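You will see two complexes here that share subunit A, one where it goes with subunit B and one where it goes with subunit C.
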Partner chain A sequence: MTVKSETAAVIDRPRFTGGDIIASSLRSGRTTAPLRSLGLLVIIFAFFSIAAPNFFSTTNVSSLLAFAVPAAMVAVGLTFVIALGEIDLSVASVAALSGIVFIQAQPQGLLVAFIATFATGVACGLFTGLATTLLGVPSLVSSLAMLFIAQGIAFVLASQPITGTRLDVTIFFQQPIGPVLNVRILLGLAVVVAAAIILGLTPLGRALYARGSNPRGVKSIGLPSKSLVIGAFSASGLLAAFAGSIIAIGLNSASPVVGGDLLLLAIAACLIGGSRLEGGTGSVIGTTLALIALLSLQSGMDQLGVSAYIQQVVRGAVVLIALLAASPASFGGIHLASLRNRFTRTHTER
Partner chain B sequence: MSHQTLLTRARDIAPGRQITLKTFLGSSVYILLVLMIVIGILTNPQFRTIDNLLNVLRSVSLIGIAALGMNFVILGGSLVDLSVAATVSVAAVVVLALSSASPLVAIVGALLAGAVIGLLNGALIARFKANPILLTLATTTIVGGALLMATSGRVTYGSGSTLGDLANARIFIIPVPVIALVVLTLICQWVLTSTTWGRRLLAVGGNENAARFAGHSVGRVRLEAFVLSGVFAGITGVFLGSSLGAATPTVGAGYEFDALTAAVVGGSVLTGGRGTAYGVFAGAVLIGVLSNLLILWGAPFAFQQVVKGILLVSVVALGHFLGDDREI
Partner chain C sequence: MTIFTSKKARNGIVAVVATAALAVAGCGTGDSPSSNAPGAAGDNVKVAALISGTNVPYLATYADSMQKKADELGVELTVYSADFDANKQAQQFSQALTSKPSAIVVAAVDATSIVPSLLQAKQAGIPVVASNTGVSADGQALIAGYTGPDDLTQGAECAKLMVEAIGTTGKIAMIEGALGTTAQTNRGKGFVDELRKSAPGIEILDQQTASWDKDKARSVAANFITRFGDDLNAIFAQDDTMASGAAQAIADAGKTGTIKVVGLGGSKQGFDGIKDGSIYGTVIQSPVQDGALAIEAAQKVGSGQTIDATKYLTPISVTADNVSQHTAEW
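Our next item is the complex of A and B:
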C-alpha cells in the first residue's frame, strides 16, 4: 500500500535533480541567452563610453533606464506569449489605447484611471486569447485584428493628442531614489523581477515553456493548454496597458500614434534575448538586457548626432543580423540546438 | 472498383477544380460579400449607384493588387510579407523620380525595385531558414530607413502628367487600376490552378516535406513567391505614386497589414497550400464595401479599423467552423 502511494506520488510529480534543470535550461538556451544579451550590452556600453563623452554619466544612464521601462514591460509580456509559441502584434496599439484611457479617466480619480487602464489591457488580451483558443484563429491574425481594433478605438476616443490633469503624478514618478534610480525605474525593475520569477522558477513558467515546445503533448498530459494561452495574452495586454500608462504619465499626454516603434523594438528584444518564434524558449532577463542594449545603441547614436533615418537602418540591420546569427543554418551561430541536430538528424530532416 | 473510388476521391479533393457546396461554404468571404451587398442595396439608395460601386472598387484596387502578391507568399507557406509597406513606398517614389525620363522607364524601374526587395527577402529566408515575420519586419525597417535617407524625408514630386493621366484614366467608365486588379486576379487564378509553378507552390505550402520528396526545391519556390510579392507591391506603388503625383517616403505604411487582411479574409490559410486569387479579390472588395457602407451610414472614419479587425476574426473563425478538415 505504501509502495503504491509512493509510486503514485512519483508519477504525479516528477522530481527534477539540479543537474536535470541545468541541463534542460542549457538546452533551451534559457541560461546562455541572457549572457549573450549581457555581452551585447557591455560591448555597446564600452563603445559609446569611449566614443561619446557624456554617454556613461549617471544622468544619461538614468534617463536611458527610465526610457526603457515601458518598452521593457511590452517586451516582457511578449516574451510570455512567444514562450508558449504564439505571437502578439497588438502590443504597441494596446499601449497607445491604454495611455488614452488613462489620461481620459484621470478626472474620475487616479485609482479609477489605473483600474480602467488595466481593464482595457486585460480586455484586449482576452480578446486575442479567446479568438486564438476558442475560435481557432491563428494568433498572427487575431492579434492583427486586435491591432486594428485598438487603433480604431484609440482614434475614436482621441483623434489628436490629449493632455492630462495630474502633473503631480508625473513629478512623483520622476522622484530620484539614489544617484541613478527613480520611482519609474524601480517600478519597471519590480515588474521585470516578478515576471522573471514567474517564467523562470515556477511550475506555471514551466507549463508555458512546455506549451511552446509541444502543444499537443501539453494537452495530453492534462495541462490546461487553452487557459495558458488566454492567460499569457491577458498578461501581455496588461503589461502593454501598464506601459501605456507609464508613457502617458511621463509625457502627461497621450495620442493614438504614441509608441509606434514599440512592436519592432519588443520583438527584436525578445529575439536577441533568446526567444524563438517557434516557442518553448526565451527568458525575461535576456529580453530586458537585450532591450536595454538596443536602446543604449539608440541613445549612443543620438549623442553622436547620427540622423534618425540612419538610425532606422541600423536598428533594422541589428535585428537582421541577430535573426541570421540565431538561425540554425547560419555560418557563425553554432549553438547547442544545431549541434544536437547535427548528430541526431535523420534523412527526413535534411 | 476501389481504384475507381480512389480516383473519384482524388478528383474531389483536388483544390481549385471542383467547387462543391462545402468549398463554397468554407470560403465564408463570398457569403459575407453577398450579404453585405444585399444589405447595402436595401438600406442605402446611394450605395447602389454605379458611381459609388466603381468608387468602392477603385478604392480597394491598390490593396487588392498588393494582396494578390502577398497571397503567393502565404500559399507557399511563408506566412506573411511585411516588407510590402516599404516596397510600395519605394516603388511610388521611384516611379515619380524617374517620371522625367519616360513613363516606361519609370514603371520598369519601380517594378525592378520591388523585385529586388522581394529577391532579398526570399533569398535570406531560403538560405537562413529565418522566420518570415521577423525577417520581413527587419527588411522593411532597413529599406524604409534607406528610402528616408535617399529622399532626406522629403516629398517626391513627379514631372510630366503622362503617368498621372494613365493611372487616373477610365476605359469606358471603369478606372484603370480596377481593370488591372481584375486582369491580375484572373492571371493569378490561372497561374495557381493551371500552371506547373502554381501547383508546385500549393504543394510546397500544403506539405513541405512531401514536396521536397517529390523533388521540388522548396526554398526556390518560396523565393519566387517573394519576388512576385515584391513585383505586385511595386505595381501598387506605381499606381499609388502616379495617381497622387507626389509621394512621401512612408506613403506605403499600412499596406502590409491591409494586404494581409484582404488575403486572410479571402480565405487563404496562413499555414499555406490553401487559397485562391478569386477569394483575395472578394476579400479586398468586402473590406471596401464595408468601409463604404460605414461612411454612408455616417460612422466615424476611425471606426473602419475596428470593423476591419472584427471582420478579420469573424471570417477566419467562420471558416474554421464551416471547413471541417482545416487545421490552422
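Our next item is the complex of A and C:
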C-alpha cells in the first residue's frame, strides 16, 4: 500500500535532493544493510583473531579475499536478480559449465576463451530471463530448469576433470600486489565497485528496485519490466561465468562438480546483506561484506580444527542469527519495518 | 533516531550470541588439533591434512585413523574437510600454508585441480604427501610421495572376483561412483582393463553413476534389471555402499543369487551382504591403514627424512569363504 506510492514517487521525480537519497537508501536497506554485514564481519574477525593465531595475518586475509572472489561474483549477480523480486538458482551450475568452456577454449587463445565463457553465461541468463518473462514461468522454476540444463551440458562436455594448458595464467592471477592484494582480488574488487555503483547510484538501479517493490506499478509508469528481468538474469549469468573462469584459472582445471556450495553461500550472503526475497531491496556492498564474513567463519573454524559437521551447525546458526537481526519485524512482534516506513515517508512526502 | 539506536542494540545482540555460539563450537573440538606429546618421536612436527570430505563413512574412519596415528607419533594434526569441492580445497590449502606446517597431507578432491596448490606448497618449501587419491602427471614432481590405495589394482581385483563369480563369459553392468572422481575413473578403468585381458567373453551392457549413494544405486540396479532381464548375470558396484543398494534391488526382483554382485571397500554393509549371500564378494580397502600410512609418511618428510615414491594399501579379496577372518572397519 504505502510501498506503491513511495515507489512511484521515487521514479517520477526527475532530480534527487540529499534528503530523498538518504530516505530512499534507508528504505531499500542500501545504507543500513552494509552496516549489518560489516558488524557481522567485525565480530567474526575479532573472535578468530583471538582464537586462531594465524587468522589475522596478511597472508591469511589475502587468501581469504582471493577465494571470496568467485563466490562474491555469484552473490553480486544474485543481488541484482533478488532486487527485482526474482531468484536465480542456476548460478553455481552456470559457473561450473562456464569453467569447463573456459578450459576447453584455452588452446584457441585467452581472448577466445574469455569470450566463449562470457557468451555461455549470458546465454544461460538469457534463457532464464526469457523463460521467466515470455513464457511466464516463475523464476524459481525457470532457473531450476537452467540449473539442470547447465549441469547436464557440463557433464556432456567433460565427464571428468579436465586440465588447462595455461599454468602461467594461474600464476599471474596469484601475483601479489602489495601485502594483501593480488590480480584476482583486484578484478573482483573492480566488479563489486562497478556493480555497487550501478545498483546504488544509477537510474537503472532505481528501476530494478522499483520493479522489485511493485512489478505492476513499474509497467504502469512505463518502465520496461521485461527488459529489466532479462537484463538482470543476463548479468547474473555473466557474473556466474566470470566466477567460473576465475575458479578454473585458480585450479588450472575445470570439473562439472566444482563450486557446489556457491549457490547457498550466495543466497545467505544476499539475505544477510539486506536483500529480501520479496524484492525491492538489496545492497552489493552488504552482500559482499556478508559473503566475506561467512567465508571468514568457515576459514576460522577450519583453522581451529572444528569438525565439518559442527561447522555446518555453526554456519546455520550464524545465518539464522544474522537474519533475525536483519528483519526483526517478523519476529518477536517488534514492527521496526513499519516504523522505518513511517520515518522515511515523512521525508519523501515533505 | 529510533532506527539507529535499535540498530545498535540489534548488532549488540548478534555480537553476543554469535560469539557465544562460536565459543561453544571452538571449545568442543579445540583440543583435537593440539595433542602434542612432549618428547615423542615426532616432537614439533605439525601436519595439516586436507581431506576431500570427511562426511562419508570411509573418509570419516580415515580421518579418525589419522588422528590416532598422529597422537601415537606426537604429531600436531589439523584436519580440513573440503566437502568434495575442489575450489574449497584450494582455499583450505592456501590457508594451511599460512600456518607453516612441517608437512601437508592431501587427499585431493580431484587429481588435476590440486596441481596449482602443490605448486604453491613447493614455492613455500613445504613437503606434500598425496594420500588416498593420487595426483595427475603434472603434479608428480611436486609431491614427496603417495600413500593409499591403487584404484587401478583395486578395480582389477574386483574383475578377478567377477570372473570367479560368473566365469569367463556373461553379461554384466557397472554402477559407478560420483563422475569425475579419481576413484570412479580408475576403479572403472582397472576393472575393464582386467576383464578385457582375462575374460574378454564378459560383456559390459551399460554403466551408470549412483554417486556413491545406496538409494541411487538401488534405483540404477532396478533399471538394469528391468532393461536387461535375464540377460544380466552380475553387477559390479564401485563401492560396497552402492553394492548393497544393488543387492537390495536384486532382492526386490527376487533374483538374489541369480544376479551376482561384486563390491569394493570391505565396509560393514559389504560384509553383511556377503554373509547373507546377497553380495558375492568385495575387495578390502582399509581406511585405517590408509590414514595411518599418510601420517607416518608426513611425519617422516616433516622431520626431513625421505619416503618411498609410492606406498600402496594391500587389497584383500573377500567372499563367503573367508569373510569370517576379517572385520569391517567402516
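Throughout what follows, the second predicted complex is superposed on the first by the 310 of 350 C-alpha atoms of A that agree within 3 Å, B and C clash if a C-alpha of one lies under 4 Å from a C-alpha of the other, contacts with A are read in each partner's own complex, and residues count from 1 in each chain.
Here is the rule we use: contacts are C-beta pairs under 8 Å (C-beta built on N, C-alpha and C of every residue); 3 or more make two chains touch, one makes a residue touch a chain.
No experiment lies behind these values; they were computed from the predicted model shown.
In the overlay built on the shared chain, the residue A:A123 is in contact with neither subunit B nor subunit C. Of the two partners, subunit B and subunit C, it is C that touches more residues of subunit A. In the superposed model, A:L167 lies in contact with subunit C only, and not with subunit B. Of the two partner chains, subunit C is the only one touched by A:L40; subunit B is not. In the superposition on chain A, A:N54 makes contact with subunit C only, not with subunit B. Applying the stated contact rule after C-alpha superposition, one finds that A:I310 touches each of subunit B and subunit C. In the superposed model, A:F155 makes contact with both subunit B and subunit C. Of the two partner chains placed around the shared chain by superposition, neither subunit B nor subunit C is touched by A:I198.
By the touch criterion stated above, A:L144 is placed in contact with subunit B alone, subunit C being left untouched. Contact with subunit B, but none with subunit C, is seen for A:L264 once the two complexes are overlaid on the shared chain. Residue overlap on subunit A between the subunit B contacts of one complex and the subunit C contacts of the other covers 155, 159, 307-311, 313-314, 317, 324, 328. If you check the complex, the residues on subunit B that touch subunit A are 79-80, 124, 127-131, 133-135, 137-146, 148-149, 152-153, 209, 257, 260-261, 264, 270-271, 300-310, 312-313, 316-317, 320-321, 328.
Of all residues in subunit A, those touching subunit C in their complex are 26, 32, 35-36, 39-40, 43-44, 47, 51, 53-54, 57, 59-60, 63-64, 66-67, 70, 155, 158-163, 167, 170-171, 174, 247, 250-261, 295, 297, 299-311, 313-314, 317-318, 321-322, 324-325, 328, 336, 339-340, 343. Subunit C meets subunit A in the complex at residues 2-3, 6-7, 10-11, 13-15, 17-19, 21-23, 25-26, 28-30, 32-34, 53-55, 78-81, 83-88, 90-92, 94-95, 97-99, 110-116, 119-120, 136, 138, 178-180, 184-185.
Residues of subunit A touching subunit B in their complex: 87, 131, 135-138, 140-142, 144-149, 151-156, 159, 264, 267, 271, 277, 307-317, 319-320, 323-324, 327-330, 348.
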